[in-house]
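Heads up, the thing below is written out as structure tokens.
Chain lettering (A, B, C and D) follows the sequence in which the chains are written, and residue indices restart at 1 in each chain.
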């Protein structure tokens, strides 16, 4: 770790920083150059979050040389339990359901089909964030009651999106997992609010959020004491228009090296095209995802929203079957341990940007 | 198909277009609106390329309503044979080798390791496209001789990048597959040049090329009579900086619906990070890729270029093993035929942009 | 306007749509093709919003052939009055101040300097949306009091960001314009909330929001009856890393063709680099912006946040001088009216995507 | 400047690097940390290109702390003379003409109109890079003769695109400035080829090229001894689809701090929309551009290519008039010299990424 000081740094700030480093037990070495002043920390600081250093008096930037950008929660690999389902464990977990809840009978019938197909958790939109104010905005509280009824009937836990403190309160008795949608990932007040609930949170990646920002959003929730965060990659916004979004499966593999949180993938929004949902579901599981979130409708083309990307329960069954096959095929895959990436000294470190 | 005419279209152009449609045997219906003139073609034109219509006299745009953007080469699913290797067949094909060829002994030793690990084709850069003119530019013709020697010693066919007509000529006797790099995908003169060689071409996607542009680049090659084109997704340029590029596996699944050409994936450039190469290789095969192109080096950190993304031969062996397991697991995967995407009327069509 | 029906559309839906079109007084023509059914509307519908058509029974998409994507609020060009300042009028309006309010004396002194430099409105962050939960989050309510004190002392109206209903309430007595930040542009509940206040709103473009989405966000506010919306371009997220964001001045010119709302530009966030603030301020005014929002600090390098992009009051004075010079130079610029873009039949229409 | 060594660096490499630094006359200080070895160079190295350091034995990265990414050609501000026209001098230079040359009489008539409107240089496509092989590819050598004839008739120098060594040869006697198009910016063989001609080169930015890559492409040309390079921003590829590309005027201001080369802007490709060409031309000049490149056609909607973005000669006249007004208005703009960005110590340096 190298601390670069502001060029006009006064002596008393330098001294203050050194005192704090002393207090933390670090060994360091000051170096004065033609253009300013540096402090080189000689210890391995890979387990300390960067802000510990970047916020010291007079420090302009803290350059980390030898480790991944760190996270506070680094040890262990806790799965997130939701009723009888465990997210992040051995089995790939599938959340499935309609984009928007459209009616009670319709939802109930669909929920039974989903359960038969092997889905674990029922998703369904009650409050819908729509780009245009003229579009269908969801059935709201009515939909929540239908979801709870479907939960009672099938035993499947329920996940649904909330967009405000008021909606959290309304949904509290009906929903097992609060979903924070892509458009809300930067809504820090909302993140703190769900953080205070101590209920599992499915956090979707913002459509142009970097992985570091995504992880920081998770930390907003976790800092309130709620560690039950499930990350969900759902496609990012790029120049490509053939697909609705560009599903970034690099993110799945990278998040697994950055955090111990479970990572799900939403191939429905990630592609926006029904015919790509199955191959991308396969790819997500192979990349290491802990599960999938998929839009299903009994007559996809008649859906009130996102009609082009919904699949049928029968297609879902095939996808769940695929996921299990891939997980099984890889579960005992051979690894040349001695030459594993971690075995190459300094491997994962060279691209780490200054924090 | 709807033909929209320029608003000031003269009568003789309208008549000319109708004559041509007559000649082609189409049934159509002219409609005059407050703002101009349309011709609705009543036949299914999904097997005709769009330019047939968009270039008719007076036509401003041709809007395709019911099919995927079409390709001239639509039937069959020909694999590309390279010596004894078949690309696009049952087995996932792995091209592996150093970013740049660094020396004869070094390459020979590596090639034997790669063959032992199960790789099919030897890759190695002789001519290197480097962003900065001050960077190492490759060993050039010398490297070609080393590649050919390694081919003789191991029996592995060789793929290497060419960037000019002159380099094609130089490489002709040494290389089995000409690689067109991402930076050259829009180099139409070069595409025509390799199209005239009648030798297999590995065409990499440009770093900000749309899928439609990628397929059009393949058509530049194929129009010269060379149908042996292998597409290769290698990551696109997005806002995300954690990875060197954003590997777009949506592209793999989508290209499979747009063209019959084999599709490979390069997870080395697609991630730029050694620790992500294995999970993304798994994901690529699961998404339906016909093979992989991977940078391998015996001491990755000592490589002259792309050191952070190269893996060892032992890691490659694990990846090839993974690929076979995934392919086997999915080869007999169940499909609910009756409810398959293609079974939903009009499924894949709604996003097709006007051509 | 062409209405494309879902291929399986039942007769009663077709009939219902035709009845509604009759009721609206449109002339139309049904056409049946090999692959489905169309309705061609023969009237000029350019003044009708698209959702009027796309939500008719059975309609899959509504393709607009001859006009810009429409906005409900289309006539007139109302400026937004804020106390004695008029945004959107003849004079370019400059909002200036610190990224975060850092203290009362500091703010007061700065506000006087800004007024002397010619700034019209005082900006200052009380509640700060920060990517990392560990970063400085703003002084909150305390800062609001300082802002109001500075307003009393200088007579400058105040703009400050709010991120929740609670903050709107807290800020209500202290702030003249509510700012909705880029991260909140998709926060529809918040948009409705400020829409209910009937107070001017400065709406920043989301970092990956399309122009259509940006305009739709404005409509969320306006649908609550609050028409006093000021748009602000502040840079979008692209692959380029040399600048913090890519300031999109195309947006300024395009928004002026899409909506009558005033458009401001924030070159501080749009570039993230102090040395680019002046040239991009000039460019923004030349592109047609109604004003600027700029971060100013008396000792930029000592600012608590965004230190690299803040400028001094003296630099601001130069920029305001530039803006006036450019506005004056262009105010009587010649225009060859007969050959103006609008004079070319069909000019601005060909790229209009299906809505 | 801090040199970070590879963690496994052998002693003899360290020694070799120190010897070379000694030879270059630098003072430095080695520091050994828990995770490796560093050399801190104590001198100001802002005038040295980064590769001098990054290519020293054993060096993994060279982190520059106090200056802009450097360019070899840093002093002076040479304009590029083309016959009687000087690009990069006091007057904004306008290159104008058709996307593609369509015929001799047509071009001649247009050239006279352009000259009358005040344009300085005639542009016209002879060889056209087209995404689809089915599109019109330009008139080729025939068009070159027409361009030369128009030059003789009007006295305007001519600029036209070349895409291969063969085309350079064909165009040599007809063209005053070789244009390298956006699709060819990474075609290093072509860059070297035009570098060998010693004729002015207009280099367009690649559609997803970073500014550093753009400058590196210019260096490829300049390293052959040809310093007459004119840069041209023409829009980058982003998620926004309202405009054909996103014109990045940040690039204009930033390039002016990175290199002494003249910078032009192409608002025709940068927007793809006729109605945005004038406002963005104004903005480009205000941002500091040395000139414009604009597509003009006498009947824009009848153009064989890029019809939606071409303007008429009369509109061009207005734009040239605008450019002169803005340049004049800003030429004597006041600058508070003492507080100018350069006056803030360390100003432009904090974002400089490791090279």
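One rule holds for everything that comes next: a contact is a pair of C-beta atoms (placed from the backbone, for glycine too) under 8 Å apart; a residue touches a chain by one contact, two chains touch by 3 or more.
Here the structure is a predicted model, which means the values were calculated and not measured.
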{"item": "Partner chains shared by chain B and chain C (touch criterion as defined above)", "value": "A, D"}
{"item": "Most widely separated chain from chain B, with each centre as the mean of CA atoms", "value": "C"}
{"item": "Cα-centroid distance, chain C relative to chain D, in whole angstrom", "value": "31"}
{"item": "Chain B and chain D: spacing of chain centres that average the CA atoms, whole Å", "value": "30"}
{"item": "Rounded Å distance, chain A centre to chain D centre (Cα mean)", "value": "40"}
{"item": "Residues within chain D bordering two or more other chains", "value": "6, 8, 208, 212, 237-239, 241, 301, 345-346, 350, 353"}
{"item": "Sites on chain B touched by chain D in the complex", "value": "6, 8, 49, 51, 55, 129-135, 163-167, 183-184, 186-189, 207-208, 212-213, 216, 219-220, 223, 237, 301"}
{"item": "Contact footprint of chain C on chain B as seen in their complex", "value": "2, 4, 6-8, 29, 31-36, 38, 40-44, 60-61, 63, 65-66, 208, 237-239, 241, 345-346, 350, 354"}
{"item": "Of chain B, residues touching chain A in the complex", "value": "208, 210-212, 236, 238-244, 246-254, 256-257, 270-276, 278-280, 282-288, 300-301, 307-308, 311-312, 314-315, 317-318, 321-322, 325-326, 328-330, 333-336, 338-342, 344-348, 350-351, 353"}
